[in-house]
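You will see two complexes here that share chain A, one where it goes with chain B and one where it goes with chain C.
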Partner chain A sequence: MEVLMSAIGFGIVTASILAVSSVGFTLQFSVTNVFNLSFGSVMTGTGFIAYALNTSGISIWASMAIGALCGGLISVALNWLIFGRFIRHGISRFGMVIVTIATGLICDNTIQAFVGPTFYAYNAQPGKAFDLAGMLLTGQELIIIVIAAVMMTATHFGLKSTRLGAAMRGLSVNASLARACGVPTRRVVAVAWFASGVMAGIGSVALFLDTSTFAATTGSQFLIMVIAAAVLGGVGSAEGAVVGALVVGLATEITAAYWNPELKDVVAFAVLILVLLVRPQGMFSQLSSERTAVG
Partner chain B sequence: MSAATQLYLATVSVYICVNVIASWALDIQFGVTGVLNFSFIIFQAAGAYTAAILSLGPSSSSGGFQQYVGGWRLPFPVPIIGAMVVGAVLAGVVGLVSLRRLRSDYQAMVMLVVSVIATIIAESQTGLVNGVAGISLVANPMVSLIHATRQTQIWIFVLFCVFCMAVVGVVMYATVYSPFGRVLRAVRENDRAIEALGRNANRHRMQAFVIGGALAGLSGALLVEFIGAWAPNGWFYPETFVFFTAVIVGGRGSLTGVAVGAALVGVGVQQAVEYLPITLNPSVIASLEWIITGILTLVFLWTRPQGLLPERRRRFPAPLRPDAPELAERSAATKGDERG
Partner chain C sequence: MVAIFHAYSGPNAAFGPEAAAGCFPAEKLINAAGGVLGHKITCDPTDSKGDPADAVPAANRLIASTSSLVGVLGGGSDTATAVVPLFAQANIPVFSTTGQASFDHSTSPYFWRILSPDPAQGGAMAAAAKKLGLKSVATVFGNDSSAQGSAPAAIAGVTKLHLHLVANQTIAIGQLSYRSEVQKLASAKPQAIISEADPQTSATYLSELRQLGTIPDLITDPVSQEPGWRKAVIGAIGASNLNAHDYAVVAYAPLTTLAYRTYTAALKTIGKQVSKPMQWNSDLYSVADYDSVVIMALAMDMAHSTSPKVYNTFIPKVTNPSAGAVVVHTYAAGKAALAKGKRIQYVGAAGAIIFDRWHNAGQGFAIERYKNGNWAVSSVLSSAEIKAAF
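What follows is the complex of A and B.
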């Protein structure tokens, strides 16, 4: 029981990090219909910006906030410089996936060329450990969970009850109809990219705190987990991404505790493949296959 | 020529052959049939591991410093054939999971995940293919086959690779430009239309997938028998991207184009970076290769998405309009036949 509870505790922390990231990934996908495989690079980039701020004496949480804003700007810049242009250039859906991968590789390796193959760590104290019904969580981990919960609630109400959220949902259902109804498409798309970058930033700093060390490839390695959580829930569905993140987070940590820590990711991915065998569109998604990318 | 120059030239030749075969394998899946196979590299890896295990003998034979499942010492062409079979079977299994009624980019994500799973399993289950360290000491088959100097043996292996590439090339031409190849291209262009004509698009995707898997296995087998070692850090999922770049730069669906792309991207970029007149840290060189490959892809997708040597599109004469004089003549003629 003790093992199970502590595994659940770790699982919730992993799930929180994963939820923030995969909601960012899926939100941008639902609005623009672009599978952004450079998301991991945005995470790594913001992680290192936060590192630069953190080592110059700023507290880790302030670094996280500033890093997240930078992440939003990087993400908007990538769309403005590369993705949006390729979409308006009339690139195919395949082409777009390859464009995002290429961009991710370029960004990752540029970061790698500057920071080298070494590992880095933030200057932050994990804080006192709290015992919550057998789950031993540090202060840092509790803050991460709270941040994730706040972000999720804000996203939910933002999407459901603001005009911007309605515009985003409209774009995700039918972009040309939304445009015909007077939705400023370009601006809403930019906001979606910004939100996705902010969540990538928060997710990356939380992830790098959780893993305690990080390198230029950590973000892109984590991207596979983000994709697993997002696809599991049904890409494009924010609620789905949260559920997907919980399933992946708990499955990995419980596997690590009871079976083999090296195989924890494999179990998460196996769950994903099993779900897709039964429900190819993911748990919650009702996306049509006819949508085209919006830039 | 000095021995070092010869070895260098032989290595470059083998890499070109292997890359051309692998890029053709990806081309029949992605270029011709339109399946975004992001797990491509694991088929090459499976071929390489199979060839290694089928030629090394039991793992205890080399003092037990490396561990792997099975281990047989089979005569020359058998490990390579085994590698093709394993590549094809693995492609069949991955195809069964991912080639379903998913959107093409969903399929790509599933394959990406499969590729990562394969790496994690190979790295963590040390008994399978010797984990992170990888398998080494794979002998060049020509060493035991032909009694000659080391140089000659190496060059005979190069000739064997060229021979394999030529055979694969002939088979690819016969496949891609046959009625079967036309069906594959139709699946890529419009899978609904092809289903309306009574064809099962997924079955054709699966066929292309399995053919590509077998050829990828062959490329891995040739490479491991030349370089002698194979480890997980040589087949992380981004490595697949090198072959995608080769296909895009060369021209999707064009066999000649893809061969040129494979030589340029798979070998050319690396060699160009090695000979840069500035001295760089080795890790920066590796990064630079990736950056150049990425930029090359973006530039080609923007300026020349059809590639250097585009696929030839067959053109058919336009259908005759109902009021065209030829048609009036022809219908007059048929009417005449009926009357007669």
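What follows is the complex of A and C.
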């Protein structure tokens, strides 16, 4: 029982880190229909901005907040300078994926050119460990769980209870109709990119705190897990991303605790495939596959 | 041209600069001695990305586009299986730093390995645990080919030496968390962990282990001496923790010889090609790569040919002992002796290099500690101590 509780606790930490990033990834996709594989690079970039702030004496949590805002601006800039232009030129969905991969590679290699092929760590202590019903979690991990919970709740209510949220949901269902109904498409799309970048920033600092060290490619390295959580929940669904992150987080930790740690990814992705066999659209998604990109 | 075919990006991005720190000093010294048969040697970095999927096309491109290619430093454990056959097929000698056991009996005429293979490393790590007087140990190895090369021998060695193996973990590298694995390990209470994993994995694992309040002693391999590994792990657990607990088990060559002093003097001057070159001054991989280039150059001189196909067969003739051979420690001395028609035995910065019929050489091992900004030998493992682990 003690092992199970520990694994659940650790799984929740992993899920919290994944959830913030997955929701950011999927929120932007649901509004713009751009499957953005440069998301990992935005994570890395904001992680390094937070590092620069943190090593200049600013607390890690303030660095996370400022880094997240910068992540939002980077994300908006990428859409404005690159993605939006391709969308307006009528690029295919597949072509757009390639553009995002290329953008990610450019960003990763540019970051590496500046920071070098070495590792960095934030100046932050994990804090005292607390025993919560058999789950041994550090102060830092508890803060990450709280941040993730606040972010998820805010996203949920933002989408369900505000005009902007309604506009985003409208765009995600039918962009043309939303536009015809007077939804300011460009502004809503910009907000979606900004929110996605902010979540990439928060997710990256949480991730880099968790892995203790990070390098120029760490964000992209973990993108596959972020996408797995998003796909499992249903791409385009914020609630789905949270549930997907929980499934991935718990599956990996319970596998490591009870079975073979070498197979934790195998189990997580086997669960993903099994779910998609039963529900190809993921657990929560209601998006149509006929949507076009919105820039 | 000698290609430095190693990872310059990705998780093993330190391999490239590490090999460059061997190649460029050799280039400098060889060219200062007049070059090889009137030709200048040049070191050319090529990024293998540490991944066979990227390394194979990069190797093919290199072979197809570089007519002056005379040798290759590279094919680390991450890519050797994929690329060594490609270079061999093109008749290009490859001096590899891979430790994989699959090359222990390599029949490729173009494959050469100066450093000891991974199983020897694994056995030496177990022998080190015994030498340190430990009774109970755990093994934690990454599931990549590099770490898995030494894992089986380390585990078998622990049993053979009658140490208590309280936990044996093969961990998936590059994970977001190892908390469950760490908790299982901590509950087994090992006195020390015998471990090899990449920087990011080691940092995450050890950081989470520290959160549980204790870090056992670490018996690590030469990867833990790489600046990138140390930077990552120091970021995770702090320098004082790492230095207090880390016992690096490394191939041993006395770094006081004329060959080594010549190498380090040249290393100091290559700041344009390699960032902070002196960080590699006691890295045996860099030292071995330096020796590799010198050996290639001397073999070309002896063969009176820069053709890889021709000089390849002369490689053991400049390193292995033979009657009447003059022992030389530098390229200049070797070139001068050859010019006088003498036989030579190059004893390099890594010590004597004696290739067996499978083109493998190897060294003894030592336990090193990091003290006052440098690695220092704390004890040398005798061949009997290492043999007992097999």
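Criterion: the second predicted complex is superposed on the first by the 295 of 295 C-alpha atoms of A that agree within 3 Å, B and C clash if a C-alpha of one lies under 4 Å from a C-alpha of the other, contacts with A are read in each partner's own complex, and residues count from 1 in each chain.
In this text, contacts are C-beta pairs under 8 Å (C-beta built on N, C-alpha and C of every residue); 3 or more make two chains touch, one makes a residue touch a chain.
This one's a predicted model, so the numbers in the text were calculated from it and none came from an experiment.
When both complexes are superposed on chain A, chain B and chain C clash. By the document's definition of touching, of the two partners only chain C reaches A:257; chain B does not. Shared-chain residue A:213: touches chain C; no touch with chain B. In the superposition on chain A, A:138 makes contact with chain C only, not with chain B.
Applying the stated contact rule after C-alpha superposition, one finds that A:103 touches chain B and leaves chain C untouched.
Within the superposed three-chain model, A:265 lies in touch with chain B and with chain C [touch as defined at top].
Contact with both chain B and chain C is seen for A:112 once the two complexes are overlaid on the shared chain. By the touch criterion defined above, A:6 reaches chain C but does not reach chain B. Once the two complexes are overlaid on the shared chain, A:17 sits against chain C while remaining clear of chain B. In the superposition on chain A, contact is made by A:228 with chain B only, not with chain C. Comparing the two interfaces of chain A, the one with chain B and the one with chain C have residues 109, 112, 116-117, 260, 262-263, 265 in common.
By the touch criterion given at the top, residues 3, 6-7, 10, 13-14, 17-18, 109, 112, 116-121, 126, 129, 136, 138, 207, 210-215, 217-218, 221-222, 225, 252-254, 256-257, 260-265 of chain A touch chain C in their complex. In the complex of the two chains, the chain B residues touching chain A come out as 30, 34, 36, 97, 100-106, 108-110, 112-114, 116-117, 120-121, 123-124, 238, 241, 244-245, 248, 281, 283-284, 286-288, 290-291, 293-295, 297-298, 301-302, 305. Of all the residues in chain A, the ones that touch chain B in their complex are 35, 82, 86, 89, 91, 93-99, 101-103, 105-106, 108-110, 112-113, 116-117, 224, 227-228, 231, 235, 260, 262-263, 265-266, 269-270, 272-273, 276-277, 280-281, 287, 289.
Those residues of chain C that touch chain A in the complex are listed here as 8-11, 13-14, 16-17, 143, 169-172, 174-181, 183-184, 199-200, 203-204, 206-208, 211-213, 227-228, 231-237, 275.
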